[in-house]
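Worksheet: the structure to be examined is printed underneath.
Letters A, B, C and D name the chains as they come in the text, with residue numbers starting at 1 for each one.
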Amino acid sequence: MMIDLLALAVAFPLLGAVVVTATPSHARGLGLASAVLTTLTSLVLSLGVWRDGSVRSDFGGWGAPLGIGLQADGLSVAMLVMSNLVALAVSVYAGSYFSATARRHFWPLWLLLWSALNGLFLATDLFNLYVTLELLGLSAAALGALSGTRAAVAANLRYLLVGLLGSMTYLMGVALLYSRYGMLDIGLLAEVIEPGLVAWTAMALMFSGLFLKAALFPMHFWLPPAHANAPAPVSAALSALVVKAAFYLVLRLWLDLFDPVLNASVANVLGLLGAGAVIWGSWRALRAERLKLLAAYSTVAQMGYLFIAFPLLVATPPGLARDNLLAAVVLLAMTHGFAKAGFFLAAGLVQKTAGHDRINELGGAAQALPAATFAIGLAGVALIGLPPSGTFLAKWIMIEQAMIQGLWWWVVVIMLGTLLAAAYIFRVLGHAFNREPTPYRFVNDARTEIPALLLAFISAFVLGLIAQPLWTLLDQGVLG
Amino acid sequence: MTPAWAKVLIPIVLIAIGAVLVWAFSLAALEGGDRLALIALERVPESGVSNPITSVLLNFRAYDTLLEVAVLLTALLGIWSLGPAAPAFQPASPILGGMIAWVVPLLILSTGYMLWAGGHAPGGAFQAGALLGAAGVTLALGGDASAGLPGETRLRFLSVLGVLVFTAVGVILMALGYGFLTYPEGYAKWLIIFIETAATLSIGVTLAAAYLGGEPRDERTSRSAT
Amino acid sequence: MIWLLPLAVALPLLLSGVAARPAAWWTPGLAALPALVAAFVIPLGEILSLPWILLGMHLGLDETTRLFLFFTAFLWAVGGITASEALRQDPAAGRFRVFFLLAMSGNLLLVVAQDLVSFYTGFAMMGIASYALVIHEGHRASLRAGKIYLILTLVGELALFVALVLIASQVGLMMPDAADLATLPGGVIALVILGFGIKAGLVPAHFWAPLAYPAAPIAAAAMLSGAMSKTALLGWLRFLPLGDVALPAWGTLLIFLGLVSMFYALTVGLLQSNPRVILAYSSISKAGLFVLVLGIILIDPRLAPVGTAGLVLYATHHALVKGGLFLGLGLRRPDRDPDRTQVWVLAGLVLLAVAMAGGPLTSGAIAKDALKPLLNLTDWGWLETAVMIAAVLTTLLMIRFLFTLWSFPLAARPGDHDPLDPSSTQPASLAVWAVLVGIVAIMPFVFATPGAWLTNWNILLIAFVIAWPLLDAARHHRGLFRPLQHAVPPGDLVVPLRALRIALVWSGRQALRRLARGLARPQTRLTAWIVQWFGPAPADPERSLRDWATAGLLWLVILVALLLALVLTVQNP
Amino acid sequence: MITQFLYGGSGILLFLLGTWSFIVHPPLIRKLIAINVMGAGVFHTLVALAYRGLTAPADPVPHALVLTGIVVAVSATALALAFGQRLDRDHGSSADDD
């Protein structure tokens, strides 16, 4: 008897999808069961990595370069834990959000998306990543269109096509790397890759493909309509996890594969795009009239912060400072995952109660749902980067490093984004404080309100206050 | 509305990128050497099948193939989630109907052959599944609203069969101590055929169902429709 | 024993989780008690390190923060009991309690925090949670006050955030002491002054205070003016390079800022008729005094030990007295109420007002006495005179305050305990307020020698000499001062700021119109050309991005940019 | 060698043509076809890589990758077509206006 947690982290949601497809009448119960099982697997796997360091499993026993393997190190496990907890909360929420017919469609696609996410965070093979990306893109687009409105279908068709363009470009880069080096395993490639036209072209192709999927400014144009029109639990997963997966891949390739190839200028290109995203996304969020559109633009802005990290990473010499910076980036991504998911779930409740999500008319609904409003507030704390959220710590470390390296202009961008974020969050919260009677029951519907509240709470308090384990975890992987 | 200058600029930029691509690929092809060919060909005898491509697909890189079957399932589920199917075609004329009656069994026969041939020659689950799907499409073109597919319960089961068998084999092998998708010596051939058979059925059913588009209707309504 | 510190911070935080329930009405009253105990029993200098929280949390007390912790915890306890009792009837009280406890937790954390990150965490938690307290009542006035409070608070917190990160990156330490701060660049000092200046209500960043204090429920106003505004002083004491280097330029600037704040706030305050607004301006003037003393210390670092001790004593006095004045206002009932306790409330308020004015035998006198050596030692003789004039004005302001106690109508306010409801009594609030007044009353005898008790008698005398004829005139000729009363609205600067904005917008529009007229003809030609060559200009800037060709071209350009960045840069070896 | 370059080069050409068409042609169906042309280009290039001369057997790995890629592309195309069909059915008009 041998238990390969890496394989199970992908296989459980896959089997779950199979089972709920075959027996749609029990979709909710079986779906939730697979969700719990998958999350437990990922948590146990992460705990193992946290204690004993990274693990790798080669399927078929062939090993790289011939076979494919999965690998869990600190970086992948950090993202894995975040996405599985978020996904579990989304699952619980979705359990009572969807109608009976929508449920039949939601669960199998959702579990397929989940297995793609887990597979992506653990993957080590460039072509395998392509298949995983497609699985992710297809299931995400299908889920996004579940609300069935014309706007949602159109926006998600656009998303699907843009995603395909990104995958094809990525695949061209992979083909180039294979033709030169004859392998696909990231670890083996990293040992032989050398600066030169082949590696540069491959990197440019793969990164520009992934930028499309990560909705990096100015390639974000597909995101706001797609995320704002999807059903609330799907928006949460798309915004919190799916774009984050593309960023994770950029970071992973940056650190593990292209490290010998890249330089400060290319990092500056990434940083500039990130800065554009921070300012443009925040500004658009401030001007947004609908709550979910605001959240979607806020995602564009938050993705920008993550890309600002690249010039800082390049400027910082290897050592403790760089490790801290990297941990800060991961913490930022994790916090945003929790916060944005919590925000979208709560926004979905407000929308359901009010029948719309126009910000200026939400006062009454916000009053009727104190728990959801509170969740939006807590998630807002994390989105702005107020202490003690994880974003706050991450920004602190990023700004500190930027100042030490003399790169003060990134500080200006981060601060400007913070101010704008405060402006758009408090624009929403201001409507919640009028004098209508607050019901004594704080939580109206535990199944939907508690997941939102928990996610927001984790983002605002837990991640910042107990960030130390994350540092330990990251020491086990890419940093060690 | 596309600005005119963009229409001019896009080809120019693309040509530049193309030049770089050709150059990079030339460099890469010249320096590439044997790549994985030697390693892969050397290991083919251990893989349980003699066709190198099938060895790669179902043994060396079986995990890719598993995910690929999952992608196919995702597409089908996505199509189902978009609402009911388009109305059926008109029933075929007697001549076409007669031809369909000939072609469909032939297609199904070739499916079996393709599947079997994949072990040693070009062929395999996807080619076989495509033929099976073609049989369904042919039926649909002839006016069969269900494209020869079974009712909802069985249709759902058949469409997930590939992923189910693939994953289950993987997990069971893991539980037996061999590792996920690691075939024990001597069993590889039969396991691969088992998986391929399931995958062929799923792929065929999925392609036909995707051609119809729309959710599967439950059995009674679909029978009355045909 | 040291574990009492994290408990003191965590208890209000934990209680805030349940405080929304009506059954938890008592939570604000009890939450500050561990902190109060901690102020007495925790040994000084011991530091508790919790490396797994934030970037490593370090809690501890020193000579300065022990007094800060004492008055902060005490005020929050008194305010908490008042809030628990006064808001029991308020349907939105649950929300109030949650944010009250969050602000409490933040305030306590920043006092006991020894490292930069924890300090900032507490500071920001306190500032943001207070926003909810300010706007609690939800009228237009409180929403407006809250908006202005929030904007200024966020600007202040951002400035402080940058300042603290700069300190951390400059010094490389999370717990810098004064010697480490000696080399800070000027920008950081400016940010520290700005960041805390907003919290303290330093002119010209003061105008949130006269708006927020009257808008917030009385317990919240007491905390804002008593406990929270003092955190600015603590911050300055911590993060300005006091006692190690002489920074005459910054010192002079601070003295100037302090004088402006004092005289401006006192003058405007005298023209107000709402007692809460008067108290707000009094707080602003005291912030001016703090900054003035800090400026003196920056000019002459040798004064730092004396000056710091004096400032801490003054802060203790001011926090208790100002908090007491606000809480006392909340206990006031109309005169026609024949209740005997009202006499005692009025007596207490008079005592506190005298103390605020620095009357002999009060805490004000000893606080003034503690700062005296600084004013004497500096080379600038006129400074002492200026401070004396300010003291006279303060006394006049307190007389004006006592006067408004009778003249300003007590109206029922939805957030407060209804003062017009004769059946409502607040026995617990009265009791704790009495304790507070008692502590203020015995302060001079605990903290100082008899020599200090009578420090300010001459100033009080001068003030009365000035006030008497004025009061007399006002009594005989009603309406004599009425034109002055509304000369400056509360929040003074907000009005010109708004006018400035309108003027800017108007003149900007005019300028644009003129520009447009001038450019009209060439512009039409230009437009035609642009339309011809570039297509119509998009109305929504995002629209052009959503256009596939534009987006696609941008994407290709970024691909090329990546390639060029990789190819053209010389690789580092 | 020259054959290989011809195949590889035409693959790249297809890829670029697909990209161009995807970007400049507004109708979604054309974009979908463009994606498939791009895919064909990439697969073409990959297959060209597998060629190792007339005598040596081809590299099976790129072949397998292409097979997998084709199925993935087919799935994506099917889903995208279903999306387009749904849009058409909703409005009766084509979805080109997006």
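The rule is simple: a residue touches a chain if its C-beta (ideal position, glycine included) is under 8 Å from a C-beta of that chain, and two chains touch if they have at least 3 such contacts.
Because the structure is a prediction, the values reported are computed rather than measured.
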item	value
Chain pair with more C-beta contacts, A-B versus C-D	A-B
Mean-CA-position distance for chain D and chain C (Å)	64
Between chain D and chain A, distance of the C-alpha-averaged centres to the nearest whole Å	28
Chain centre separation in whole Å, for chain C relative to chain A (CA means)	39
Numbers and ranges of chain C residues touching at least 2 other chains	548-549, 552-553, 556, 559-560, 563
Numbers and ranges of chain A residues touching at least 2 other chains	127, 131, 134, 138, 141-142, 145, 153, 169, 172, 178-179, 197, 200-201
Two or more partner chains touched - positions in chain D	15, 19, 22-24, 26, 31, 45, 49, 61, 65, 68, 72, 75-76, 79, 83, 86
Chain contact topology (line, ring, star, complete or other)	complete
Complex interface listing, chain A residues touching chain B	1-4, 6-8, 11, 14-15, 17-18, 21-24, 57-62, 65-68, 105, 108-109, 112, 115-116, 119, 125, 127-128, 131-132, 134-135, 138-139, 141-142, 145-146, 148, 153, 172, 176, 178-183, 196-198, 200-202
Residues of chain A defined as touching chain C within the complex	169, 195, 197, 200-201, 203-205, 207-208, 211-212, 218-221, 224, 261-266, 268-269, 273, 284, 370, 381, 386-388, 392-393, 396-397, 399-401, 403-404, 411, 415, 418-419, 422, 426, 430, 433-435, 437-438, 440, 442, 464-469
Residues of chain A defined as touching chain D within the complex	127, 130-131, 134, 137-138, 141-142, 145, 150, 153-154, 156-158, 160-161, 164-165, 168-169, 171-172, 175, 178-179
Of chain C, residues touching chain D in the complex	548-549, 552-553, 556
Residue numbers on chain B that touch chain C, as the complex places them	1-7, 9-10, 13-14, 16-17, 20
